[in-house]
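Two complexes come next, and they have one chain in common, subunit A, joined by subunit B in the first and subunit C in the second.
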Partner chain A sequence: MGTAWLFLIPGVALFATFVLGPLIFSFRISFYDWNIINSGDSIWVGLENYARALGDPIFRRAVLNTAAYALVTVPAQIALGLGVAVLLNQAIRGKSLFRVLYYLPVITPWVIVSLIFEFIFIGQGGLANYFLKDVLHVTDQNIRWLADPILTFVPIFLLGIWKGVGWTAIIALAGLQAIPRELHEASSVDGASPWARFRYITLPLMRPTLVFLTVVLTIGGFNAYISNLLITNGGDPLDKTHFILTLMYEATFTRLDFGYGAAISYLLMFFVLVMSIFQIQLLRRRVEL
Partner chain B sequence: MTISPRTRSRAARAFVYALLILGVVIVTLPFWYTVVTSLKPQAFVFEIPPRLWPSPATISNYVEALTKENFGLYFLNSLFVATVATGLTVVIAAMMAYAFARLEFPGKEVIFYGLLLGMMIPPVMLIIPQFIIAKNLHLLDSLTGLIVVYISMNLSVQTFLLRGFFEGIPKSLEEAALIDGASQWVIFRRIALPLVRPGLAVVAIFTFLYSWDEFPWAHVAIKETSKRTLPIGIALFQSAHLTEWGQVFAASIVAIVPVVIVFAVFQRHFIRGDVGSGMKG
Partner chain C sequence: MKRASTSMRMALVATALMLIAAACGGAADDTTTTDPSGATTTAASGATTTQAPATTAAPPEPATVTYWHTMSDPETAQLDNVIAAFEAVNPTITIEPTRFAYDDFKAALLTGLAGDAGPDTARLDIIWVPEFANLGALQQLDGVMPGFDEIASQTFPGPLATNFWDGHYYGLPQNTNTQVLLWNREMFEAAGEDGPPETLEEFATVACALSDAPNEKYGFALGGTYFWAPAPVFYSMGGEVVDEDITTATGYVNGAASVEAFTMLNDLHTSGCLSPNLLGGGIGTADGLATGSYAMITDGPWMVDIYAGNFPDFEVNFALVPTNAAGETSSVVGGEDVVLFVDSDVTDAATLWMSFLMSEESQKMMAEVGVIPTLSGLIGDPVMPDYFDVFLDQLQTAQARVPHPAWSDMDNAINNAFQRMLNGDQTPQEALDQAADEINQLLG
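This part shows the complex of A and B:
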């Protein structure tokens, strides 16, 4: 019994100091007008930080932006990732090469891919505008993607989808491979078309994987941060383009309003928790129908 | 007119390849454009029409980035932080996972569920208190401060993962050693650890990728130029020199190489199963 603690102490000590402790500490900070220089001088304000956030139009806009990001990028990643997984599950050559290539965006640091997308969407001389204006002729002047409070989300959303498809595909592929081959063979003998087999065999059996992907990708979507920070400089123009976390970051480390930042982060965790439970309930229930 | 099944299956296969290759082109085009831009002289970065082949080509961006700018130093900092964090995470997570899988102690379930809580917390929400704690422990502006946080942030998932691997080992091996009078530490070290090597590889991959990629904590904790890691160095360089994309991308390409190597070497271990679960980058 004494030995067990020798195995546990290093990990438990680190986890308690840098994860569990901060989690509790942060909760406490969220009820104070926190003084960073001398924490003893912090003033208890009760729920005021929370009330301020919920009443703040910039925060509300950030919640909408983040929700829109999740709403667009999660289904897109699942649809495309599932498509890639179905293709990779066929008897083809070069499977591991394809897997590595599709996985390339996943392993590339967020900072780098964010800068790549910013560069592609630059107004003057960017690849995206060249393609739309001079190749496809769908517009006759350069679109100023990065200066517009709505259009700036085009590169951010596309980046989110592009970076996540490889991961989604690998998880979906593992789910596909767990489906017994005999089921497909039997139904194909019975004359079911490939689409019917996908719709009535693959999809229902993939439900646990799809639930998992929806929940994990939504959590990831609500925690999106770096792409927005680099592409919009954290909220430009006029604080209209924030995500929840870029706003939290700005409140905390630019305005040094630690209590407000902590309240925002707890609101985020609350959203994410409620949403995960809701999604799991909803998607599970459909299985029984 | 009838189409033979053979022709049809050949056409279907060609269609599968065509779609896969189209996907690969879309996925890799931004990388290709990055490489091409990193090889263009500054005057050609915004050439119209933009060319997907660098002509003229130059390696001067790489030379500038690695010598005049501090990217060489940032690279070494990143390499040091990622390597040490990975090594220590593998050891510490394996020890904890072994205790949860094989040893009995009071409060086992409570501690394990406490640890699982760590998998559900959005990492950025811990930054505020982590900053205050690190400040009190004098860990700001130090690579050690990055390492301890990276290990801590990875412990939940990796312990959870390795526990499964340890539970998959037949108990008889350890029982035989126990009868021979070996201590738990010796059994862990000599018998159990070598048997979970594939699991350790997965832990190594994910911790390395995480530490190499991590931006928010390093951005907050490091202010001193000489202690920056690559993501911070690249982001700050870009915001200070808005137009020098050639150098930004030269540094970026250099920063991508190690993760591609680590991934290519270890990928067969993790693609086999769904062990990527819950470890999204």
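This part shows the complex of A and C:
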């Protein structure tokens, strides 16, 4: 028992120093008009930073944008990832190659792919406009994707989905491979169609995996940051396209409003916590075959 | 997504904890020493890299002076020569430069300062000096730095003024710049125009004559809606942001000339003579000018080096910003100031280094790589590249943005007003009225 603690010390010490300590400290900052250089000059403002955030239309818009991002990208990643996993779970030639190919987007750096997606959706020309205007002829003029507070999200959402499918597929594949083969064999002997086998065997047994994916991807969705920062320059146009974290960053490092930034961080943590508890309650029911 | 989102959160957490761990250090300091002179060192200040003794040390004592900056590649290479020249004269002092990306610089400085790991000296964007001075991070120089008055008197007044906050000077103007008009000769000649427009009225006409919006060709383009982009046209039209004493924006940012400037830009946009790229997601101004998408842009002296690297065959043509009805041209002052941080414990060595940066020798060396000096005595010096002439001319009338700690927020208010009018949500007058209200709130 004593030895166990000895082994835990490095990890716990690192966690306490670099995660727990700062967490508590930023909680403190969130109640101040914080002066980063002379913290002694900071002014206690109570809950004002929180009240300001909740009353700020830009923050509320950022929450809606972030929620929309999670609502669109999480189901899309799970559906596509599950589809890819089912295909990869077949006895097909070159399975490993496909696994690598689907995983490639996951390991590409966010900054680079964000810039590539921005380039594809450039408003004066660009691949997306070329395709829509010159190939499909659905529009006769260039669409100003990144100048529009709604259309800007097309590349951001697509990027989020494209980049996440590979990881979702690998996790889903692990879940699929844990399903006993006999269940599928027995049901096909009984004459169950492939769809029936998917619907009544695969999906129910995948429930723990899907719960895990939903929770983790939603947390990831609410923490989306880099793609938005690069593609919208942090909120353009008119601060209508912020995610919670781009607004937090802007408040903290551009406007040096550390208390407000810390309050936004804690509000984000609260949303994610509530949502995760809700999702786990909703999805974690016993599997009955 | 997991891996990606994890790395994202890791990056975020890393940033946050660096900052907050640093803040802890700062807070601990404040509880142990409240001495505003900063002379007292605490245990936490061991984080600084310098081995030098406290402020009372004489320059001959060995000292290391840290210097943070955001110079370009050619400037950074030349800085090494400047440092070598300084160290040759001051063999006991070592200069330790650190280069940052402009976008990361503010966060890096704050993190460093909060954790007592900040630099002794730095080259700051002129618009940040009041902000950092207001935070209490910068050392007042007038009456403190030896030879300050003499150096200050040799500099251009405009750039020097960017160091003034709350009755004192918190820096020295290390270099200056401004924006002028850049024009694409081929496009002008193809349309039968023989030269750049001289008045803003001609400018608007020419911009439209050279535009072919359906084919994504525009007479004029701005890099964005942030204030720096429209500032040359704004100031040249006679626009103002606030009154001289920085007490109100009413009648200034929404005054007749300011509204006229934004109305002109807004009309150019509506009639397809100003590229829509300024609202995001378009062809960049520098590339667009060189590749024949844009006939005119406004930009700074660094474009010479940028074009030499990216478009070596492009003929770079500068002209003064077109004049208003009264025949006056103007533009916006940019540049960087060298500052001394209050936490420095090698102030004597640091001020020697700052004086050297402001010397003719160092300013001439930097001018060789396109950095415009701030010493008025260097005008006409043969070492200056020919293209400096137009910038020095423009600097005679160029104006500084509002030297106020809340400038970032004021910039944002004007930026948003510009976007609202471009989107057709408000008329220029309505948009600027709202900006005036927002700026007044910032002025308290």
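Going forward, the second predicted complex is superposed on the first by the 271 of 289 C-alpha atoms of A that agree within 3 Å, B and C clash if a C-alpha of one lies under 4 Å from a C-alpha of the other, contacts with A are read in each partner's own complex, and residues count from 1 in each chain.
As a convention for this text, contacts are C-beta pairs under 8 Å (C-beta built on N, C-alpha and C of every residue); 3 or more make two chains touch, one makes a residue touch a chain.
No experiment lies behind these values; they were computed from the predicted model shown.
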Fit or clash - subunit C, subunit B, common subunit A: clash
So, A:43: does it touch subunit B (first), subunit C (second), both, or neither? neither
Mind working out whether A:125 is in touch with subunit B, subunit C, both or neither, as first, second, both or neither? both
Could you look at A:142 and tell me whether it touches subunit B, subunit C, both or neither (first, second, both, neither)? second
After the superposition on A, what does A:90 contact: first (subunit B), second (subunit C), both or neither? first
Applying the document's definition of touch, where does A:254 land relative to subunit B and subunit C: first, second, both, or neither? second
Contacts for A:8 in the overlay, against subunit B (first) and subunit C (second): which applies, first, second, both or neither? first
Give one of first, second, both or neither to describe whether A:71 is in contact with subunit B, with subunit C, with both, or with none. neither
Once the structures are superposed on A, label A:107 by its partner contacts, choosing first (subunit B), second (subunit C), both or neither. both
More subunit A residues in contact [subunit B versus subunit C]: B
Could you say whether A:29 touches subunit B, subunit C, both of them, or neither, answering first, second, both or neither? both
Of the listed subunit B stretches (131-139, 167-175 or 257-265), the one clashing with subunit C is 131-139
Shared contact residues on subunit A, subunit B side and subunit C side combined as an intersection? 17-19, 21-22, 25-26, 29, 36, 39, 106-107, 110, 122, 124-126, 164, 167, 171, 216-217, 219-220, 223, 225-226, 233, 245, 253, 258, 265
Give every residue of subunit A touching subunit B within the complex, in rising order. 1, 3-8, 10-12, 14-15, 17-23, 25-26, 29, 36, 39, 83-84, 87-88, 90, 92, 96, 98-113, 115-117, 119-120, 122, 124-127, 130, 134, 162, 164-167, 170-171, 174-175, 212, 216-217, 219-220, 222-223, 225-226, 230, 233, 245, 248-249, 252-253, 258, 261-262, 265-266, 268-269, 272-273
Flag every residue of subunit B that touches subunit A in the complex, lowest number first. 13, 16-17, 19-20, 23-24, 26-28, 30-31, 33-34, 37, 45-50, 92-93, 95-96, 98-99, 103-106, 111, 114-115, 117-118, 120-130, 132-133, 148-149, 151-153, 155-156, 159, 183-185, 188, 209, 212-213, 215-216, 220, 230-231, 234-235, 238-239, 245, 248-249, 252, 255-256, 259-260, 263-264, 267-268, 271, 273-274, 276-278, 280-281
Per the contact definition, I'd like the list of subunit C residues that touch subunit A in the complex. 1-9, 12-13, 16-17, 19-21, 23-24, 26-27, 30-31, 34, 106-107, 110, 113-114, 131, 135-137, 214, 216, 224-225, 275-277, 279-283, 293, 408-409, 416, 419-420, 423
Could you please specify the touching residues of subunit A with respect to subunit C in the complex? 17-19, 21-22, 25-26, 29, 35-41, 73, 77, 106-107, 110, 118, 121-126, 141-142, 144-147, 152, 160, 163-164, 167-168, 171, 216-217, 219-221, 223-226, 232-233, 236-239, 245, 253-256, 258, 265
